[in-house]
């Protein structure tokens, strides 16, 4: 097969983890792995990436200081046309999704998005994706082409240890024209203290199983550690332990986090209807017959007041 | 929206109001919300203020429990004014997201719970010989299950209980099945007059396809809509407690097993205050062996609402004060009741929550009369 | 400002009780037990379009690819303030991938004057998130994915906030005409009252088949696709939660491991 080109992703001066995940995946697929780093003053990133790639191609230009899809697409199009990689991997992220479809259409290349697995069948990648909210999977087969473009879901493959020492090569910016139709202006942080649980990626949600509000600090510690927001069942909001805008359920908010960690929530129909968009539901409840276990992907049948402190310790260990 | 001159004055007979204040004086939610229904009756006389009044969040505090109507010396229905204001909001599309979700599901699926119509018979899983009617089939009783009983796993068992009771009594009955639709009651309470009219037409047409003598509902909310609000439904409508009382009276239903429990009956608003069905549920409880009954201080016409009706399953009040259902549960606790008996899915759900909130799970339970009947069979 | 908003009708599979069964062909699913709704993000796109129309004037055209049953979501959009509608309907459109889908949408726009095209950022059934982006390229205009805030700067430019991971907004200035793939949560979609929908049923929905699109058979459906979904399969998950066994230290350890593996901590 041809070489694999992986687009590095960074934001606000930080290399994003998805870059290393994609490079790890590319390494597993075989072939030469080239990382393309578009940025401005990104030598640190280049040396980190070099541990995961056979080659790091760096285009250092103020044009790439922040993500601009049009500038990125222009550069990628030139490089793909020149180097003709067999496969281009881009994160299925806020940046990558903005880029994959239009880049592939411009170059008339087969593409797909949000791959959760990629394998090679001969020279051709075959992709697994999720459909219907993850209820079923589907296999994608591409039309024959020289190059395939794939958007890969974050955390589809865990980042490995690296162990390569790729050559870092600075190349000239292939984009000569000024990009005017779209301009990056600034980043605006989500307002702090003004949590909108419908938009939260991670939710730690509490029910009556916490028994008393004096147990809330333990939950807050867990949430802070995980970078999660806190929500609750109607009973907890009624008790005044959490503000009304944190209520999940039919008379509260419908949430769609990547993780919904239900602590001491029995899972009344009126509650679980509100968590239907969640990717992963984990329930901790001491009642093995609690209906929440019918909706959860993973469950722990135990007292949350015993499990949560242990979980805090274990996550701290995991994070090192 | 365009407001025709004098709309509210005529529609709700506002000039009949003498501003005595008995409505607000008896309104149960005033202990926890700022709602003042007398004030709305007074203010809505002025057409020019309707728009502004419809924006007042207090209109969503009403549970439509009918207390104001039952107390009104002039025979008015003050809470209907609030539904009129809600209807203005609905027509403008300016509703709470939770209400929108429920209404869109009614429109798309024929139920407010976001469930597929094709899953409406899921409650019946495992029941052999389920009596789903063919078009034109003759039967005595057409059973309307209603959405909450059909879909809420906590309420579904009551339908199975009801089916078992009717089978035991040899009742000739049948079900519509997957084609059954929401009665429209909660659509109207959420302000969706148009959608209610749609259900009125659709269901009337649907019922006309079957040959039956009486329509029996599981929920008092459907009972009320079919009985009092449908425009062209020309058939006797009964709540299941009325049918079961009749079966007991006629000696068709035998209750043999002892159900030892001290039971207090909580009158569902739409059965009691709205339709004055007070005696049948009590008669049934009296026939269950082993049941010792007691009464709330506030019962029958003075019964305290559980806050499950009036669209309140989907629209919360901002109040932090204890819910009325919690007050109800505390009262039952004081009476030493072990069971709060209800005859309405919404009451069951709100009271179950309240028992948990009060931490009385070990001492008392909420049970639909159907559960008690099933235990006694 | 004239706006085109693309809406898709999808099965509401987000309900935890909804089961998805693969049909005999392996390339489709049984539709019988589904309830159908407007795609969540498209609902926000409709609202954004109506808000812009209310503020800046112009007309909103609703475009859909779907069977006659999809008129339901089109009429809801019309009831909320849409002015006209186009529905692309031909059995040859089945199995279109995002490129073939975008090509169909572009064909519907050839006779429509627009300043702005909006789609939802992601469909809940196939989850590609690529149609709006591909469409922009086909139309030769700039775009923004995950657009959550939209502000009109002047008649040539928009200021658009794209929502990135962690809720961070990436603010961009984008020239009109352009395509925005709208993220959920940026507005509060209004309710289309039953009366409004009934009223909207009087508006004509223009139906386009393959001939009307001016496209050839090999540009649509599976033939016109570059990436074809060839086989659905059932992922390995149990009906009930997988229960983690052990004392609190063990169960917590297992859970931490799972969260780590899934990139959640």
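By written order: A, B and C. Residues from 1 in each chain.
Keep in mind that, in the parts below, a contact is a pair of C-beta atoms (placed from the backbone, for glycine too) under 8 Å apart; a residue touches a chain by one contact, two chains touch by 3 or more.
Quick caveat: nothing in here was measured; it's all calculated off a predicted structure.
**Q** With contacts counted as defined, which of the two, A-B or A-C, has more C-beta pairs across the interface?
**A** Between A-C and A-B, contacts are more numerous in A-C.
**Q** Please indicate the chain closest to the centre of the assembly, with centres calculated from CA atoms only.
**A** Taking the mean of all protein C-alpha atoms as reference, the closest chain is C.
**Q** Quick one: point me to the chain whose Cα centre is farthest from that of subunit B.
**A** A
**Q** What whole-Å value do you get for the distance between subunit B and subunit C if each is reduced to the mean of its CA atoms?
**A** From the centre of subunit B to the centre of subunit C is 37 Å.
**Q** If you average the Cα atoms of subunit A and of subunit B to get two centres, how far apart are those centres in Å?
**A** Each chain's C-alpha centroid was found; their separation is 45 Å.
**Q** From the C-alpha centre of subunit A to that of subunit C, how far is it in Å?
**A** 20
**Q** Mark out which residues of subunit A touch at least two other chains, giving numbers and ranges.
**A** 273, 276
**Q** Using the touch definition from the top, which residues of subunit C touch two or more other chains?
**A** In subunit C, the residues touching two or more other chains are 15, 18.
**Q** Note the residues in subunit B that touch 2 or more other chains, in rising order.
**A** 114
**Q** Please name which positions on subunit C make contact with subunit A in the complex.
**A** Going through subunit C, the ones touching subunit A are 11, 13-16, 18-20, 22, 29, 97-99, 102, 121, 124-134, 136-138, 142-146, 159, 161-175, 178, 184-185, 225-235, 237, 239-244, 248-249, 251-253, 255-265.
**Q** Subunit B touches which residues of subunit A in the complex?
**A** 208, 234-235, 238-240, 244, 247, 250-252, 254, 268-270, 273, 276, 291
**Q** Which residues of subunit B touch subunit A in their complex?
**A** Interface residues on the subunit B side: 98, 101-102, 113-114, 151-154, 312-316, 318, 320, 322-323, 349, 353, 356-357.
**Q** Can you check the complex and tell me which residues of subunit A touch subunit C?
**A** 11-12, 17, 66-70, 92-95, 97-102, 104-106, 109-114, 127, 129-143, 145, 151, 154-155, 158, 180-190, 196, 198-199, 201-202, 225-226, 256, 258-259, 272-273, 275-277, 280-283, 293-303, 306-307, 309-311, 313-315, 317-319
**Q** How about subunit C: which of its residues touch subunit B in the complex?
**A** 12, 15, 17-18, 32-37, 72, 80, 188-198
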